[in-house]
Amino acid sequence: MSNTVRAESAHALDTGVGDAVVEVTGICKTYGDVEALRNVDLGFERGKLTTLLGPSGCGKTTLLKIIAGLVPATAGQVRVNGRVVTGPGPERAFVFQDFALMPWATVMRNVAFGLELRGVGQAERRRVAQRYIDEVGLSGFEEKYPHELSGGMKQRVGIARAFAVNADVLLLDEPFSAVDEQNRRKFQEDLLRLVALQNKTFLFVTHSIEEAVYVSDRIVLLSPRPGRVSRIIDPKIDRSTTPDEIRRDPGYLDTVEEIWHGLRHYAE
Amino acid sequence: MTLFGIRIPMMASLIVWALLWEIVGRMDLIFLIPPMSDILQAGLRLVQSQSWQNASIITVRSFVIGMAFAIGVGVPLGILMGLFKSVDRLMALWVNMFVSAPLSALVPVLMILFGLGETTVIVTVFLFAVWIIVLDARAGVMQVPRSLFEMGRSYGAGPWTLFRKIVLLSALPEILAGIRIGLIRGVKGVVIGQILVSIIGYGELFESFSRNFEMASFWALTIILFAAAMLLSAIVEHFESRIEYYAGARS
Amino acid sequence: MTSYTKTGEAGGVHRALDDLLRGMGRVFDRVPALWSVASLAVLCTAWQIAGLVPISFAFPTFTDTFAAFLQMLFDGSLVYAFFITLQPLVLGVAISATLGVGLGVLMGLSPKAEWFFAPVFIVLQAAPMAALVPLVTFVYGIGLTAKTLAVIMLALPVIALNSYKAVRHVNPSLVAMCRSFQGTRMQRVFKIIIPDASPVIFAGLRLGVAAGYIGVMLAELLITPTGIGDLITYHRSVADYAHMYAAVASIIVLSMLTLVALQRIETRYLRPERRSA
């Protein structure tokens, strides 16, 4: 299994993306004197899982939140489905690193919250929420409260909530970083399954190289200070084999090594 | 808050309130509220008057003595409660009860025990201030991280050194916070004590002003008291901020 | 160890005492409430001794005071006094709660409201309000209105400031989550901010009740004595110190019981410790 690595210049507008559901052009973000992002141009292909990967301070979460509309960009534009967006919208759903579950509400209410905000009727909300609760494997926990759940279960609630609003684009901000190692691996496998089932676009932020290579169709490497795109990698891994075999696939291992070498000097 | 792009500090709104007061006062709606300018003038006259200066000496004296006792008893007691479970269990009931109790109900009792004079006021100040000082000192000691203790002992520090160099310094932010709140409560204590005793210090002045409907002087005295309370609190806060750099990093 | 070298009865007594103390220690550890009982016992004994000495002609013994308390309780005068005293308290706290939570939430949400109201409330909370309580009589006389106003003067700043702090410390992640699902401002306030802030708001209400007790006592001592204040001043005027002390102690104990009850309710229904999910 060979993989294709393409070094892209940070300014190429034609990112070789087929059907770009999300496009960012010229995104800059400064916080006072700190330049968090400089001139980011990227396209995210529909139906694919693209990961933003990089060391801390490279602006990956900032970029994700700008795309989500939660943080305004200092300059530049975000287009979703061809239209310029400046704030959150129904075509994008966000999954939070710290889960952002309402501690006073049951799992059912938390999952249905996006629908509740839209004014969907209660019976309909329950129906839709129940479907996604079952799909993420939380059947039977509908009436539990967040404090009764483990970290992994809480994140599943967050993911179910994001699915329930039927957005085109799912944005996940280091969703598994607060989850323990065994659950993390299981989640990565579950994520692959969900990606295959739904025809949605996934934007994923992580600082774990293995995680990025395991799940992604495309990896965008960002370098810090100021945050900018340094490389784009399309790992060619046969994901039809078993999870364990994927992790031993030479293509997988080579890509991980290569990225690690590239990022090494940031750790020193 | 920003208005037209300029940041206006919060306390500036007090100036707006003072202006409102001036306007309401000039409208002569109610004799209770004279114009702020009259109050300020009365205040200037007041601080130059002999009666105010004497009253202030009495008030400050009672306050300082009462606070000294409150800190001198409160901090050690709080530290003991934080260090020794037996002391804590014995005293916790009382401290927690009195810290939020209506202590002014006790002042009549103090008046018959200690007479209608400064002693009552001093005891009132003490009682008002001491409980929160105890609680905060206790909290400060209780949250000293175990690892600091163990570090000290592993380097051979004896109990007294441990206490002086580690426990005390680590608990200092809470102790200062307790003293700050204790000072505010002490001011309330000295005022309540003097008003109820009503023949000494500021209590006497308040009594005579309201009896003679000298509202401007009354408010001037009130503002002086309020300002003194805020100033004291700000001074202690300044000290707190000097050691704040390690307060957050303790755990 | 010496008990084993002593012969006969003396050794047996030592051992029995040893066992008794150790047993007591274990019971004390298992039932922490016993410590409260013990410290109460210590206080009452000290009180009794002080009264017997006597440290002052105006210092009754504990037993006299307790007897006076029981007498006032059973002849109904204590309950009646509480009824009168609690009226301005309940009324004042109710008004302060409504106004205070409303203003506090407003201050938390609006920078302009915060700028305008917060400094005033900060000053009012730190200020010795006792100086101002007598002023109420000039406008409102000496009745229920005046006393209720005194309660409001003390309780409102506390409740408002705590509600303000509660709103300011709402979990920002939850607010961002609501925005990410395009929640409107109203939805944000009522579905996220107020529920997340409610434990701290309730704690503020509890502090408001404590301040209310202080206010009502100040009112009764500075405006005109009714209820408990009446019991205190009447018995003082006839030098019946046992009854006077009993009245003072009863209001302090009542305030403590109210606050403890509120705290229990807070922990049972609002579960603040579970909020960090």
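A, B and C are the chain letters, set down in written order, and residue numbers restart from 1 in every chain.
In this section, a residue touches a chain if its C-beta (ideal position, glycine included) is under 8 Å from a C-beta of that chain, and two chains touch if they have at least 3 such contacts.
These numbers come from a predicted model, not from an experiment.
The chains that touch chain A as well as chain B are C. The greatest number of inter-chain C-beta pairs in contact is found between B-C. Averaging Cα coordinates per chain places chain A and chain C 50 Å apart.
One simple way to say how far apart two chains are is to compare their mean CA positions; for chain B and chain C this gives 19 Å.
Interface residues of chain C facing chain A in the complex, by the touch rule stated above, are 171, 173-174, 176-184, 187, 191-192, 195-196, 274-277.
On the side of chain A, the complex with chain C involves touching residues 68-70, 87-90, 92-94, 96, 98-104, 113-114, 116-118, 145-147, 154, 165.
Those residues of chain C that touch chain B in the shared complex are 32, 35-36, 38-40, 42-43, 56, 58-59, 111-112, 114-120, 123, 126-132, 134-135, 138-139, 207, 210, 213-214, 216-218, 221-222, 228, 232-233, 236, 241, 244-245, 248, 251-252, 255-256, 259. On chain B, the positions that touch chain C within their shared complex are 1-2, 8, 10-14, 16-17, 30-32, 89-94, 97-98, 100-109, 112-113, 184, 187-188, 190-192, 195-196, 202, 206, 210, 218, 221-222, 225-226, 229-230, 233.
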